[in-house]
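The same chain A turns up in both complexes below, where it pairs with chain B and then with chain C.
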Partner chain A sequence: MRTKRADTVAAYLFLLPFLTLLTIFFLYATVRAVYFSFTDYDLFREPNWVGFRNYLALFQDALFLSALRNSVLFALIVTAIQTFLALVMAAVLNQKVRGIGFFRAAFYMPSITSSVVITLIFLWMFQRRGLINYLNESLQRWLPILVAFVLIALVLQVLQVLWERSRALPARWTDPALLVVSLLLAGAAIWLLTTLGMLSPRDVAPVDFIWLQTRDTIPAGAPFWLSVPIPLAAIMIQNIFTTIPTFMLMYLAALQDVPKSHYEAASIDGATATQQFFRITIPSVAPVTFLVLTLSMIGTLQMFDQVAIFGDAAPLRSVVTLAYFVYNRMFPGAQTPEVGFAAAGAMFLALLTLAVVLLQRRLVRSEGY
Partner chain B sequence: MRAATVAPTTAEQRAFEHWQARRRWARAGLVYALMLGFAIIFVGPLLFATISSLRTDPLAYPPTLAIPQLQPGNWTAAARLGQAGARDRWFGGFAPGAVVPFEIAYFVPDGIEVIEPEVVVPRRRPGAGLGAVLAIEFAADYAEVYDLRRLPDVPMTVGDGDLTISGRRVAYAFEVRYLGEGPEIDRLPLDVTATVGMRYLESTLTASRLERRGRTASFDNITPGVLGYVLRNYVRTFNEVRSPATLQSLFLVWIGNSFTFAFFRIVVTLAIASMAGYALARLRFRGRGLIFMLVLFSQMVPLQVLFISNYLVLRDGIVTVGDFTLSSLWGYPGGMLNSLTGLIFVTALNAGAVFIMKQFFESIPREVEEAAMIDGASHWRRYWSVVMPMARPALGALTILTFQGAWNDFFWPFIVLTSPETIKTLPIGLLSFRNTYGAVGDWGLILAGAVMSAIPVIILFIVFQRYFLEGVSFGGGKE
Partner chain C sequence: MRQIVIAILGLALLGGALAQQVRIMGYGGQDPAIKVRLLDEVIGASLEAEGITFTYEPLEGDYNAALFNALSAGTAGDIFYIPVETAPGIIATGKVLPLDGLIDTNAFIDSLVEAYTVDGTVYGIAKDFNTLAIHYNIDLFEEAGVEVPNAEDTWESFADKLRGVAALDADVYGACFPAGFDRFGAFAFATGWQTFDATGASNLLDPDFVEAVTWYTDLVREGVAIQPSDIGQGWTGGCFATDNVAVAIEGAWILGFLRNEAPNLQFGTTFMPIGPSGERGNFLYTVAYGVNVDSPHRDAALRVLEALTSPEAQQWVLEQGLAIPSRTELADNPFFLEDTPEAVANAVVFAGADDGNVLGFQFGTIGTDWMTPVNDALVAIMTGQSSVEAALTEAQRDLDALIQRAR
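So, the complex of A and B:
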């Protein structure tokens, strides 16, 4: 009994610094944010209790509605695309090869550098005369050659597979050895055609797509709740780019644990690569998928840094998110701070996050993981 | 190899084995090609930005990897010119007594009259923002162009295939001299304007840009020195951006602030998290479950909920009783906004670190401590002398992850450190670069600053890759 009490005293002494910080910067902060959200506090005058007025006002505020629309579309689109691409890339790379360490380090580069560095680099690439528009222009210029290359490679592949099958070898349409030959031969053919002058890049006008200083949306003229502002799409591209590698490596780790025998058995039964992907790969990494989806949804719903760094490079309405809305109402520049209103927005964001986490947890439970 | 291990088979079976081996090789080759492709995609933007940060204007169209700053010919020229300008082959300059020889060559098609080009040292302000304000001395006030002479013409043709134009190469040589006494000036800009039809070919140093439809070859600095030429934007980052009050180099100050912040945050995090982790992992006490639940829960609440109150807490000096504010203990009677101490306070709450330490302490077998327990050692002795020395790997990992977190942290410094410029950390400082220079399209300085600020974490990552990869399983993805 004595040791128990001594333990308790010692434990609280050990925990004292942490508990102090937790009390001031978490518990008190949370309680105060909840309280503020029911008041008209503006940093200067004493707060007055206003009930649910702030919460109701949120849904009549144009900036908040833009933020809500942007955050939800951002979270859904980015999560869907990056999860899917990460899984596909991991499945493609799931081979036991030497030197994976080097590539893994390379894949990680975007996710270890700070959001400011990555966002500044992307802002530079999204300028009107920047790299993204140039790549787009180059793609259009070289499109005929690219199409010709793909067509020639395709024809060569079909011919080779048919020939091997006629010799009773069980070649698949995606046979890697034949694919290498097809690609090399197609490359040689393209080289020949271009040097003979039978194929040449097209003349195209420079692409002048405006990514940042625009209020346009994709798709143009869609209903408010379904239209993605173009600057927000730029942030989406950046976010997908920086987060894919992390998720891809999580998937890769999970895929290495899937027994090879499953694929071999399916292969003997005649399952195609696509069928194997949907019937074996996806079900065996389902627990990782739930983790990835949860992490991705939380991260994207709370996106803040990119909006702050974009600053006046894009119209506020086109990039504002829920997290930035809270900041914007707390520090609205020359206007009076609306702390109560900001707090209500923050509570909404917290509840939305919580709802997503609980929903996903329930899904996981019902699936039995 | 494989054929040798199985029993002798028919020729047909051997052919089949052979066919399968070939497919394995091909598949490995394709996987390597794909990995290389992905690596290019993921490293590409960083690498391309690094290379473009050397360009005079990283926004010059089209984007290219063939930039003059990467041509060895320009390096030797830059060193020679730097030596001629200020006896400094690394950073160059323009000092009294300098005699800078320079040549420029044009292609002139047949039938176009050659007119001697006009060589001017312009009064050009460098860059935007403070750099422009601080430049008081201009090379134009001290420089004079001497001895402009035409070198012998060389016949040449340009173009290829059917479209060749014949003409000649017309070259001029001249000297730029520093007249009389005066201060040493950072740079010596130059504009050489030729007549219509004369096409700029080359010069001692490649022109920074061609203006007025290619008639004017414009040089930002013809006496740069090697580093002043190749790393021009990097030198500008340190030299051009200064605090108006103290004239300190802001970028240097920000680097210092970032290291200070990271250092103290590591110390504070290690101390608090290891103590709390030890108590949660090893001691049985009332409220343990509740505290652990709070640890988990506090990681789920968005920062935007917490920052409203935390901002006010810092502003009011943490705790105020009458006239006394707690923050005056650290020398901040007027609140802790815009101070690194305040930033360290508000970021010291790191529930993730507590969680990591708790997990680690639980993985140490209890028997290790039992010997100490029999000796009657206090909890503190057991924590400090027995468990902590064993926790070095975990503390090392936590140090590296905390450094990365502090170095890259954006949200809290953005809230807490707003003015003056000298209090900012690197990420926030870079943001004020963007606001100042991005607006006028001067991206060289922004990219150079961004690349430099990424270097410490990249080095750390290359050396301690293992810890970062473990960090993924600890803390999950990063947005």
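So, the complex of A and C:
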């Protein structure tokens, strides 16, 4: 009996440092923020109780509505794409190939690079004369040659496979040895055609797509709640790029636990690689998918840093998210801080995040995982 | 070991009792180094004789947010910077000490004192100021066979000269025009337009304002001027340093930058072009020192403020090419009469404060948020996404909503 009580005391003693920090920086701060959200506090004057006025004002504020739309679309689109791509990349990296360690490390790089640095680099890439527009332009310019190359290679491959089969030799359509020959020959053919002047890059106007300094949305003319501002799409691309590797790592760990025998059995039954991916891989890692979806949802709903670094590079309304809205109202350009209003925004964001996660849990549960 | 610790603590306490430590909060960047040199080389000795020292605490990042936080939490310095564009908001917190009767404000330029006066009370002493001027690349104009800009230039003749240089090569531009009111505003003022009219409203659809926007954005659409970001630069000084842009419209702060980044660039400086009103337009940019109303060392803080804005300190700052003194007595400064490009630039920037329609870089208690709708409109027009009229109509709507909220 005595030892049991001593154990309990010891446990609480060990918990004490963490509980203290939690109480001060989380519990106390949250209670204060909840209180402020019902007042007109501005950091300097005594707060006055105003009831739900701040919450009502939120929904009359054009910037808040933009922030809500941006955050929700950002969370849904980014979560969906990055979860799927993370799984695909993990499946690719789960092969037993020589040098796979290098690829795993290389693919993980974006996640350990500072988000600030990556955002700055992307800012340059998204400039009107940046890398992305340049690549787009180059692609258009070299398109005829690329298409010709692919077509020639395809024809050569088909001819070779048919020839092999006519000699009663087993050859798959994707036979690697034949593919190498096809590609080499196609390359030579393209070289010949361009030197003879029969094939040349197209003359295209420089691509001047405005990624950042624009209020346009995609799809153009869509209703307010369904239109993604183009600068926000740019942030989406960047966010997907930087977060995939983290989730890929989780999937990679999960994939190591999927028994090889399942794949062997499926192969014997004649399942293709694609069928195996959808029928074995995806169901086997379902618990990790729930974790990834939850983390991704929370992370994307609270996205702040990339908007802050984009700063003046894009119109505020086109990139503002709920988290940035709270900051923006807390520290507006030289006006007195609207702490009450900002706190109401923060409370809304917290409740929204909680609701989304609970809803998601219910949905995933009902599917039986 | 213990004795040493006690000795050090004792010394620190003793030092604390003898010397009054004044904390100054201000910008990061080059300011910390300047303050240290100012203390070491100019004012440190006399302050030390009175038992006063100061430390400089730079607030990196968003200065405004950091200062509001510090003021509210009671951790702000005894002295802090008050940027002119955020002054009304900072003063409205009630945390800035009124300086009436404590500092002689008559020694400072009137318009600078006015920028920090609310209801007849002065809250800040401008540490220095700046205006805009045309800095031009002599070699580029020579190469193009175009006469360099001069004080008689109007908008038309100035634009023609830029066109002449821009015609040199596809990569050469007449100027970098950022899509920002913090530079463009000077041109708007040259039409006689003002940020706030008599009723306290801002009219962006005023024919004068529309004319200025049209002139400014047309030069970009024509390809004579270009946005800095479109040639991979962050500001017009960066554009100018590439040697491919004929002029930069900036204040004297560009001088230190050019000294480091483009030491071989041959440049001259002249006044802003004359606008349709027959006058030039210009901004008055300044930063003041304010004293914390809760400062435990108020007298020492006031003494440090005096030292920082003393004639000796301001002369040193001027000669370092950092900023223009805010004291009237330094107006007839022999330094301004020197023949070097830097001295000429300083003289032009100094004279710019008193030439034509010069308005403070200030937006009442709305603060810098005022510029956001206007900047968005400028971008939309420059990139061809919107017409002048449509963009300004939208900006006016946003701005009205903003002003409504702030009241």
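Rule of thumb we're sticking to: the second predicted complex is superposed on the first by the 286 of 369 C-alpha atoms of A that agree within 3 Å, B and C clash if a C-alpha of one lies under 4 Å from a C-alpha of the other, contacts with A are read in each partner's own complex, and residues count from 1 in each chain.
Heads up, the rule we're going with is that a residue touches a chain if its C-beta (ideal position, glycine included) is under 8 Å from a C-beta of that chain, and two chains touch if they have at least 3 such contacts.
These numbers come from a predicted model, not from an experiment.
Student: Give one word, clash or fit, describing how chain B and chain C relate on chain A after superposing.
Tutor: After superposition on chain A, which the two structures share, chain B runs into chain C.
Student: Figure out whether A:336 sits in contact with chain B (first) or chain C (second), or with both, or with neither.
Tutor: Only chain C is touched by A:336; chain B is not.
Student: Can A:145 be said to touch chain B (first), chain C (second), both, or neither?
Tutor: neither
Student: With both complexes overlaid on chain A, does A:62 touch chain B (first), chain C (second), both or neither?
Tutor: Only chain C; A:62 stays clear of chain B.
Student: In the three-chain superposition, say which chain, chain B or chain C, touches more residues of chain A.
Tutor: B
Student: On the A-aligned overlay, A:127 touches which partner chain: chain B = first, chain C = second, or both, or neither?
Tutor: Both partners.
Student: Mind working out whether A:88 is in touch with chain B, chain C, both or neither, as first, second, both or neither?
Tutor: In the superposition, A:88 touches no partner, neither chain B nor chain C.
Student: Check the residue A:313 against both partner chains and state whether it touches chain B (first), chain C (second), both, or neither.
Tutor: A:313 sits against chain B and chain C alike.
Student: Is A:210 contacted by the first partner chain B, the second partner chain C, both or neither?
Tutor: In the superposed model, A:210 contacts chain C only, not chain B.
Student: In the superposed arrangement, which partner chain does A:286 touch: chain B (first), chain C (second), both, or neither?
Tutor: In the superposition, A:286 contacts neither chain B nor chain C.
Student: One more residue to check, A:271. First (chain B), second (chain C), both or neither?
Tutor: neither
Student: Taking the options 23-31, 149-157, 293-301 or 383-391, which segment of chain C carries the C-alpha atoms that clash with chain B in the overlay?
Tutor: Clashing stretch of chain C against chain B: 23-31.
Student: Of all the chain A residues, which ones make contact with chain B and with chain C?
Tutor: 43, 124, 127, 129, 312-313, 330
Student: For chain A, which residues are in contact with chain B within the complex?
Tutor: It comes out as residues 4, 7-8, 10-12, 14-15, 17-19, 21-22, 24-30, 32-33, 36, 43, 89, 92-93, 95, 97, 100-101, 103-118, 120-125, 127, 129-131, 134, 169, 175-180, 206, 239, 241-247, 249-250, 291-292, 295-296, 298-300, 302-305, 308-309, 311-313, 322-323, 326-327, 330, 339, 342-343, 345-347, 349-350, 353-354, 357.
Student: For the complex, give me every residue of chain C touching chain A.
Tutor: By the definition above, chain C touches chain A via 62, 64-65, 68-69, 71-72, 85-86, 88-90, 92-95, 179-180, 227, 229-232, 363, 365-372, 375-376, 379-380, 383, 385, 401, 406.
Student: Where on chain B does chain A make contact in their complex?
Tutor: 16, 19, 22-23, 25-32, 34-36, 38-39, 41-43, 45-46, 48-49, 52, 58-59, 61-63, 271-273, 275-276, 278-280, 283-286, 288, 291, 294, 298, 300-313, 318, 346, 348-349, 351, 354, 378-380, 383, 404, 407-408, 410-411, 414-415, 427, 430-431, 434-435, 438-439, 443, 446-447, 450-451, 453-454, 457-458, 461-462, 465, 468-469, 472, 476-479
Student: Mind pulling up the chain A residues that touch chain C in the complex?
Tutor: Touching chain C: residues 43-44, 62, 124, 127-129, 210, 213-216, 312-313, 315-317, 330-337 of chain A.
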